[in-house]
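The letters A, B, C and D name the chains in turn, as written, and every chain counts its residues from 1.
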Amino acid sequence: MTTRRFSAPEHPDLDALYGDMAGADVQPLWLLEGLMTATPGKASGAHAWRWKDLKSLAERAGDLVPIERGGDRRVVALANPHLGGRPYATTTLWGAVQYLGPGELAPAHRHSPAALRFVLEGEGVWTLVEGDAVPMAPGDLVLTPAWTWHEHHNPGSEPMLWFDGLDLPIVEALDAVFFEPGADREPNRSVAERSASELRYGGGAGLVPVGGRPAAAHSPLYAYRWADTDRALAALVEQAGGRPAALRFADPSTGRDVMPTMRCEMHRLPPAGATRRPRRVGSSIWVTFRGGCVAHVGEERFALGQGDILAVPSWAELSFEAREQADLFCVSDAPVVEALGLDRLGAGPGPEGGE
Amino acid sequence: MTTRRFSAPEHPDLDALYGDMAGADVQPLWLLEGLMTATPGKASGAHAWRWKDLKSLAERAGDLVPIERGGDRRVVALANPHLGGRPYATTTLWGAVQYLGPGELAPAHRHSPAALRFVLEGEGVWTLVEGDAVPMAPGDLVLTPAWTWHEHHNPGSEPMLWFDGLDLPIVEALDAVFFEPGADREPNRSVAERSASELRYGGGAGLVPVGGRPAAAHSPLYAYRWADTDRALAALVEQAGGRPAALRFADPSTGRDVMPTMRCEMHRLPPAGATRRPRRVGSSIWVTFRGGCVAHVGEERFALGQGDILAVPSWAELSFEAREQADLFCVSDAPVVEALGLDRLGAGPGPEGGE
Amino acid sequence: MTTRRFSAPEHPDLDALYGDMAGADVQPLWLLEGLMTATPGKASGAHAWRWKDLKSLAERAGDLVPIERGGDRRVVALANPHLGGRPYATTTLWGAVQYLGPGELAPAHRHSPAALRFVLEGEGVWTLVEGDAVPMAPGDLVLTPAWTWHEHHNPGSEPMLWFDGLDLPIVEALDAVFFEPGADREPNRSVAERSASELRYGGGAGLVPVGGRPAAAHSPLYAYRWADTDRALAALVEQAGGRPAALRFADPSTGRDVMPTMRCEMHRLPPAGATRRPRRVGSSIWVTFRGGCVAHVGEERFALGQGDILAVPSWAELSFEAREQADLFCVSDAPVVEALGLDRLGAGPGPEGGE
Amino acid sequence: MTTRRFSAPEHPDLDALYGDMAGADVQPLWLLEGLMTATPGKASGAHAWRWKDLKSLAERAGDLVPIERGGDRRVVALANPHLGGRPYATTTLWGAVQYLGPGELAPAHRHSPAALRFVLEGEGVWTLVEGDAVPMAPGDLVLTPAWTWHEHHNPGSEPMLWFDGLDLPIVEALDAVFFEPGADREPNRSVAERSASELRYGGGAGLVPVGGRPAAAHSPLYAYRWADTDRALAALVEQAGGRPAALRFADPSTGRDVMPTMRCEMHRLPPAGATRRPRRVGSSIWVTFRGGCVAHVGEERFALGQGDILAVPSWAELSFEAREQADLFCVSDAPVVEALGLDRLGAGPGPEGGE
């Protein structure tokens, strides 16, 4: 099952054997090259996208492609050039920028791939998740877990742009994709200031309602607000004596990842802060929310400014140096890798935050 | 193994048999009455203590018993008169009022029974838990989990009174009590505004630090602040359309109970709110933090005002009616009952909060 | 909360205070002696019962006390003399010898305390657990988990004697005892060679039926046969190079303990084998099934022959030396101690079996 | 994110936009067809391979391709023609037939993809898993879990053929493949009758050794013997009143699947037995070990005789009818699908075995 291969078949009957094998829908392992690699990461590479480009392209699409022509979602997908034309940011993660113009409505649908939104620009939009209206603002993480109905509303006068993260490549690899469009109905356009999910589960650290937790694999809390994230990061950095720190977004009722296929984190690098992460199995996407930094992935160097997005493949060496304070949102496939017992760390320093 | 008993031994050899049994350190089951009861709760009963009494007695003890004469802790234990003189509030829970006067210090010790504090009156006290200074104020829940070092400081000018809850009767029944006094050393008297545990784990709903969770069976967050509790309860009541609601204090990194032996909850009854709980296995103590209500336990009626404390035995029918808005802190042995598969609910309505 | 106590109250008002406290159903902690001990085990001690005595007493009871006079169960309870007259073997465990004479039937009942039987002598008895007829023979472990209906039948011509283990002291301490007698009906007297529970779950190591596991906290397998136990122990000893070894009886579908409150193990000491166990929190009962050995509990020495039973308190030092090969059945409260986070090992060698 | 697409871009600036998008390594979602399908299974199909073909091809390879020319493993991979030339049996599972001739040795290596062997023909082979020599015989299931060293020895005079199942497509999709060849050393050629893993963990249903379970994600038991499987299936069929039954191979110490990525089951259809399984997410491979049956997958019909192998895609309708008693080994990706919360059953009868 190695990839060693010998030069050529010598025996005259081998050609006939290989022909018969092909006819019988089998393949000889010893002619399959590259089936197993010494380490991961050979099939992919790091790539960065510039916010300037993404925003400009999304805005032009906003002008030229009405949402009903955009197949319900005006989404510009990150297509990592190392992935041979597939519209994916990494081997396991879909990343995209979504643009919702003033007055627009992206109608309801649901799908078994799970999605998350991390808001980059705009105000006044809300999304309806399983009937619960969730306001969106910059820095907020909003979940639309697997098979939940969701639709996006922009009743305001300015567009909103957000980052979309999905586990689509994983769900596709497992041949587990279901999709269902919503009924054509006039949607409810009234919206509360806080979602029901926040009223019930957003009370604070370790405060969970008595009774009634839905038996779902995902977080019952659909929105994590930037004001809370910012305050929590500041406390972590204070407690860490000014060193970089990171928080993980969790199901407040179980502490598990927000969804079974994606881990979400927010990392803060104080000015002049630097971190180095050990190699790890699994890929990730990093979205620069505030500030700027330099990322090193293996031998490559990426200068990241506000809104820039970086895709990092499995088993890559990764480090960051902040020029000014930098806040980075990260989504990864870590829960999948861990659930299947495939997690492994390379040599190197422990990760930031004292992990 | 029933408790049916027949009148008297008829056979003349029985006396000799019973004598020989006694000599051999065995007992005949058929002479043991009351070994198994049809339902629990026979060995206990409900009882209420008045804050007026508790406070007055604690204050008098504050005057008359210096803390070094009080065995390090000036604690007035609730001794449920249904428990035959044992100093326990229920069969499984210790409840008490602790009084710490101005300038006093309750020195360090640790024990395998777990303890919690729910603050009732006073300001400016802090407790040192495993070296982490935790400020205390009314309405706060503060944990000193099993086998953590703890000492209490009152550098201010007014006394503090708090409710102590311990799992001592359980740990004693399991013959698992360890106790260790602290070294005689001059304690650190400087204190931060927020404990390190709060800086790390108090960030907000579903925001947990990356890395470094201690592998403990208890919550890494030692303090749950009244301001957060109050706000979360208000949101729950709003989401419940004005009906009574309750929250459970949880380990923010796992969602489990704060400690493996005690469940802590805060219940809010809006004015004129009423709840009825089904009978359940396990006992509880209820501390009236704000407002007043009437509790019915079986056939008994208890009017509860601010500071009053109610002990409720296993398998009792329990209901509350609020006169004004009432906030009740509740500690119970529910995690123990559930871990051992002994939980059972009687007929009746579902508990409040949609449980 | 220590146990230090000062000589006497000096202040003249103290008597009045203590009187008022008594009237208010509270007790001053500082007058409560011995509330917390430095280590467990102070309230109990080891004790051994001789099979010769137990069997003789049980047989005499069989002659003199008809089963209908024995309250449905002819049970001789081990009453550890260190427990002040309570009919318990340890602070947490009930141990007893049950005697069922030829032609007798112990009618159906159920209770929330869980029970297990370890058969010592006799043939031909079967017990009906939740309608499933389970044959019993020497060396078999048979479960009647919490709240399962059970009745015992002896259709044969010789008596059976077995060891009963129950978690009654724990369930009583939690005030969680429920009991229900069975209906008076003519019981089914036909019995299969193997119980349904064995046909489904007794298939072999790691072979579990697809579908249908009951959602119970206890093992779905009600009987563990001596022939299997014996063979498994021989393999373990072989694999351990002739050193002592032990197996744990587990739920075959989860690997957890057979019931949530009691751990069952079988220990084999080869001839001249010796083991020393570290102190541990929690108590245990040891039943000598075959062979003989010497047990040391702290400073005490107990020579154990076939059928002898030893009760070991919490936090005791325990070691065994075999004279000939000895097979010891052990039931302990370890799952309770572990579930509540109270487990702790003292210094010393690791336990047998490479634990 | 639907797959609806409108006919053509009308706006003259759209071409420029799409060109700029391509240049910026992004893709417009609304031009991506087929990204989400209504249900799974569109990308694959069922396929059957005949044992006659597989055996003949493997034997010819045995003659023509020495093992050192076969890249260490003489493996004929099932290449489902619905998968576009990829050497996989289903989207998530590798299936193959491996042939080890008399006197041959497949040298040591290890890899992060997990492997299992189900033996079809031959005697006398043993495999070395992490230094533990495991004999192999027909009907045995033998595990070589992720990252365990393994090598195969045939000291006998007849060849062995076995089915290989691997999670390679999943581990590849997660970019988590590690591979390491073993050192060139003279292997140990002595072999015990039973592996150490069986001596420790093969004792019987619910009998697990005290102490020392390795903290691995996979079963510590490496071999499940046909004699045990056969006996357990017979008991299940008896208990089911002669209806079809199935068992799952489990970690005896936890009840979990033998490895975190693959579920292994053995299904027995008594003569004239028929089962229908609801659609389910996830794919499977079925190996006919004994007897014969007809499988229906959707609209397709496959007559299966001894040794024939069937690949079943995700969300397919599947039913079996036995002509004679048929024993089918099944490997599936069910643990992956369930761990990620993607499991779903279609309408239809419950699965066999009372699931």
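By our rule, a contact is a pair of C-beta atoms (placed from the backbone, for glycine too) under 8 Å apart; a residue touches a chain by one contact, two chains touch by 3 or more.
Predicted, not measured: the structure shown is a model, and the values here were computed from it.
Student: Which chain is most remote from chain B in terms of Cα centres?
Tutor: When every chain centre is compared against chain B, the largest gap points to D.
Student: CA centre of chain C versus CA centre of chain D: separation in Å?
Tutor: Whole-Å distance between the two chain centres: 43.
Student: Indicate the whole-number Å distance between the mean C-alpha point of chain B and the mean C-alpha point of chain C.
Tutor: One centre to the other, that is 30 Å.
Student: Indicate the whole-number Å distance between the mean C-alpha point of chain B and the mean C-alpha point of chain D.
Tutor: Their C-alpha centroids are separated by 52 Å.
Student: Could you say which residues in chain A touch two or more other chains, in rising order?
Tutor: Counting only residues that touch two or more other chains, chain A contributes none.
Student: Going by the touch rule set out above, what shape does the chain contact graph take here: line, ring, star, complete or other?
Tutor: Basically the chains close up into a ring.
Student: Going by the touch definition at the top, which pairs of chains touch each other?
Tutor: A-B, A-D, B-C, C-D
Student: Would you tell me which residues of chain C are touching chain D in their complex?
Tutor: My answer: residues 194, 196, 198-212, 219, 221, 224, 228-229, 231-233, 235-236, 238-239, 245-255, 258, 265, 267, 350-355.
Student: Over in the complex, which chain B residues touch chain C? Could you list them?
Tutor: 1-6, 11, 13-14, 17, 20-21, 24-30, 32, 35-41, 43-44, 47, 49-50, 53-54, 57, 60-61, 64-65, 69-81, 87, 91-92, 96-97, 109, 111-113, 146, 168-171, 173-181, 217-218, 259-261, 281-283, 313-315, 333, 336-337, 339-342, 344
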